[in-house]
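In what comes next, chain A is part of two complexes: it sits with chain B in the first one and with chain C in the second one.
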Partner chain A sequence: MAWAGMNWGLFKIIYRHTGEIGLDSGWHEHEFFIFLGTIWIINSLIQTLFMANAAEFSELIRTGNLDFALLKPIDTQFLISFPRINWSQLPNGILGVVLIAHSLRELMGEREIYFSVFSIPAFLFFIGCGAVVMYSVMICLASTSIWFGRNQNLYNFWFYITNFYRYPMEIYQRSGVGMALWGTFTFVVPILVVSNIPARILAQPLGTPWKPWEWGLAAYAIIGSIWSLMASRWVFKRALKSYRSASS
Partner chain B sequence: MLESALTWWTFFKISINERLIYRADFMLGTLMRFLPTLTQIFLWWAIYDVISNADTADSAAGPDGNIAGYKYGDMVAYYLLVIISRAFSSMPGLTGGIANQIRNGEVKKFLIQPVDMQGCLLMQRIAHKLVYYLIAILPFALVFFLCRDFFIEGWPPPNVLAVFFASLFLSFLLGFYLECCIGLIGFWFLEVTSLTFIYMLMNFLLSGHMFPLELLPAEPFNIRQLVEYLPFKYLAYFPAAVFLGKIEGAELYRGLLAEIGWVVFFIVLSRVLWHRGIKRYSGYGG
Partner chain C sequence: MVIWKTSKPNSSRLLVADKPFYNPAMPTIEIKNLSKTYRVYQKQEGLIASVRGLFHREYREVHAVNDINLTVEEGEFVAFLGPNGAGKTTTLKLLSGVINPDQGSVKVLGHVPWERENEYRRKFALVMGQKNQLWWDLPAMESFRLNQHIYCVPKEEFERTRDELCEMLNVTNLLGRPVRELSLGERMKMELIAALIHKPDVLFLDEPTIGLDVVAQHKIQEFLKAYQQEQNNTILLTSHYMKDIEALCKRVVIIANGSIYHDGSLEDIVDQFSGDKIVTLQFHDDRSLEAISNIPNLIEIDAPKIKFRVNRDEVGRVLSQILSEHAVDDIVVEDPPLEEVISNVFSQAEAKGRREAEPLSKSR
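So, the complex of A and B:
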């Protein structure tokens, strides 16, 4: 929660010095805070539902207790993904909702926002897609502990990867390295798409109903989340094959 | 005299070996540390683009506007330099370690052995840091070489460079004794996790870790002025600002003196806390 506040403060300060992030990208202050709120919601969903479980999974591998999970007549990935819910991470998501609501109101005072009955369901749907993609990334990261023996850097890796999806994708779309990053995090690991699409639904940074490329990207977000789920499933299975238990 | 020097040397050697166990993990970890900087580069690029209102996507120096006296190159250079300052001043696990030793009674060993706790910890840290620099210098050199164009002004003059290195060394001592003091509060509180968290937040915000301190607003209340009177800025901002020539002339040496002052203050404070603490200490645990 404190981190969220600091994040907010950072951009409050940045927007004292600039009107927009990315020339003509439309990410002005209120639009950007809608983006930030979206990120908080996705993050808190992940941390509430999966983070503790993924860490637990790494621990199961290290101690060899994964044997018990493997023996049970239920899908292992399902079993290790959902046993517990970490409610303490939920407030950040609520904070995100508040931030979005506030920024949206401010924004409506400034200009026209195209809002329809589908906006909220679509927003929620794409938040869901985002959670799916992030979940897949986390499963892949956690699975690596089977090969590495232990993975105490899980949280660090997580931090470094999520670092890339916390900004509007326009900031990457320039120069070689940027395009490479944008490509990687759009097409290989589609984390940029899933943070950008829901934010764009509400913030509409370009101030008009969606352009064709935005529709295309949204369609791609759905494909991307299915693809990443399948990929994570594959990595998980591969990893399990190399599992050799421990201390039994 | 010789004997105590030998003792410290032994502590030093043990710590070095301890640190060399996970070399590969270490290199990788150091390189990973620069990833967030990569996004920072793009974020600030996008911001400076708007400010200078010109598309200069292909010039290496980037857009030419400035924020609080920082050009785009300065800003990126600042973030890179802060990583160096932090490599000196950050002490992961120090506070928690001390508080833990107090809580589980391990601190007793310093009461019965003729070894000073702070001295022992300091030796460990120096050893860890030295090994860290030896290994990390490769990834660091690589990244700085790749980013050399961001340093618009090139190398600073020798006297500034001297102050820069002195301030780095002092920031190590400052970080060490500051965190020591927080850990020693464990004699009174037993649990210092929440204190550590507050310290971490303050540090992140007020040391210039997140952005150059010049960006801090003077309204509604003057945080910009406030940080000048706090020790935090020496942990990240000061060395970087010195290198970039943001602090000039007499200010340079005044800043250095103030930093020495803070170091002495925290050394004395940690001594006082230690002596008061062991009087209160009742030796829980086995």
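So, the complex of A and C:
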């Protein structure tokens, strides 16, 4: 909560100095806060549902207790992904919803926002895609514990990666390095797409109707979610092959 | 959205009466040339060695399981015996598909364990005495329920099995107590029940009686014996307690340094590895006792008794000689204690292993 407050405060300050992030990108203050709210929702979903479980998975590997999960006649990835729900992470998501609602209202006072019956389901669907991609990233990170034996950097890694998906993609498209980052986090690990699409659905920074490339990106978000889920599945299976168990 | 394939539980296969689908002529467990080698990082003591370890790592190859061949038929109760680090647990882990081997093939009930087919995983159970698979903070009952759902056991059957098992192990009144508040013995009983909820055809028990007191050990032995007789399932057991093995297993496989050193009955082992008998004589008077007190291989004198060791083939000759010269009240001829025999076997096996051991292999 405090972190969310600081986050919000920081961008509030930044928008004292500038009208929009990225020239002609359309990410003005309210649009951006919709984006921020979206990120909070995805983050809180991940942290509520998967974060503790992924950390637990690393611990199972280290102690050799993964043995028991492997014995069960049920999909192992399913078994280790969902045993625990960390409710304490949910309030940030609710805060995200509040922030989005407030910013949308402000935005509607300023200009016309296209809103249909499909907007909310579409938004939720792409939030779901976001959760899928972030879940995949997390499973891959946690699986590496099988090779390294110990992985206490899971939370750190998580922080680094989420650092890149917390901003509108336009901010990367100015320099060579930025483009490289943008390419990596769009096509290799599609985390940028899944944070940008749901936010664009509500904030419509470039107005409506969407530009063709925005539609393309939305389609790609779906493909990217499927592809990252499959990739994480593959990594998980590969990792299990190398599982050595622990002394007993 | 479910992207990956989840196999649907096939309820018909879960009925107890339904024997596993495999050729009955095939042995239940068939192990051929099974090997598993671990590469273990060797680190010297201290900070400098730690830094060096970042650039140049030395590894040692540990042959945890080394070319094992073994066949177990349905309904057999086999003990794995061996010193610590002999490869018993690794073998059980390979058989239950937890780890993948480097070489060799294994078929259990017609399945390759490390392919981890759900069908196979519904047919066996692994109990590890040193690990805990029950939810620590919840009553054992909750863990049983979870297993019921994971193994798709019908409700009535689950309740029947649970009640039977709880009664046999005498733990019905403990079902509602959080696992962390159970004693080790009670917890072990619960672990067994959790593993048996789905009536496995094959059961792997890794030191199920470790750390238990004599009473609890005995209870678990009795239970396993009765359970195996009732269900006629195939059980592989590792244990360091000779009592367990004496009570339960007709067949004993001795593993040392990852290889099978002996496979046969307990009597075989005693015959083969202990050349001596222990003779206890009780004399009528002290003069006789003194007369033979200088006998070779004397163990102890506790007047009017004397205890000594005689080579198996010599027992008859030695005894008849003593009997012809002295008045003897009582004679006991027995095998040396099993622990002693086994410890001899272990040291022989270890010595053999050391001779054959490869020199340290270093790699970058």
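By definition in this document, the second predicted complex is superposed on the first by the 248 of 248 C-alpha atoms of A that agree within 3 Å, B and C clash if a C-alpha of one lies under 4 Å from a C-alpha of the other, contacts with A are read in each partner's own complex, and residues count from 1 in each chain.
The definition used in the following text is that contacts are C-beta pairs under 8 Å (C-beta built on N, C-alpha and C of every residue); 3 or more make two chains touch, one makes a residue touch a chain.
Because the structure is a prediction, the values reported are computed rather than measured.
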{"item": "First (chain B), second (chain C), both or neither touched by A:72", "value": "second"}
{"item": "Which of chain B and chain C A:101 touches, first, second, both or neither", "value": "neither"}
{"item": "Partner chain(s) touched by A:124 [first = chain B, second = chain C, both, neither]", "value": "neither"}
{"item": "Which of chain B and chain C A:219 touches, first, second, both or neither", "value": "neither"}
{"item": "First (chain B), second (chain C), both or neither touched by A:167", "value": "first"}
{"item": "Contacts of A:132 with chain B and chain C, given as first, second, both or neither", "value": "second"}
{"item": "More chain A residues in contact - chain B or chain C", "value": "B"}
{"item": "Contacts of A:244 with chain B and chain C, given as first, second, both or neither", "value": "second"}
{"item": "Touching partner for A:180 - first (chain B), second (chain C), both, neither", "value": "neither"}
{"item": "Partner chain in contact with A:19 - chain B first, chain C second, else both or neither", "value": "first"}
{"item": "Parts of chain C lying in touch with chain A, wherever the complex brings them together", "value": "1, 3-4, 6, 9, 38, 89, 93, 96-100, 116, 118-119, 121-122, 125-126, 128, 130-131, 133, 150-151, 206"}
{"item": "Residues on chain A engaged by chain C in the complex (per definition of touch)", "value": "64-65, 67-68, 70-78, 128, 132, 226, 229-230, 233, 241, 243-245, 248"}
{"item": "Contacting residues of chain B [partner chain A, same complex]", "value": "25, 29, 32, 35-36, 38-39, 42-43, 45-47, 49-51, 53, 55, 57-58, 67-68, 197, 201, 204-205, 210-211, 215-217"}
{"item": "Complex interface listing, chain A residues touching chain B", "value": "2, 6, 9-10, 13-14, 16-23, 25, 153, 156-157, 160, 163-164, 166-167, 170-172, 174-175, 177-178, 181"}
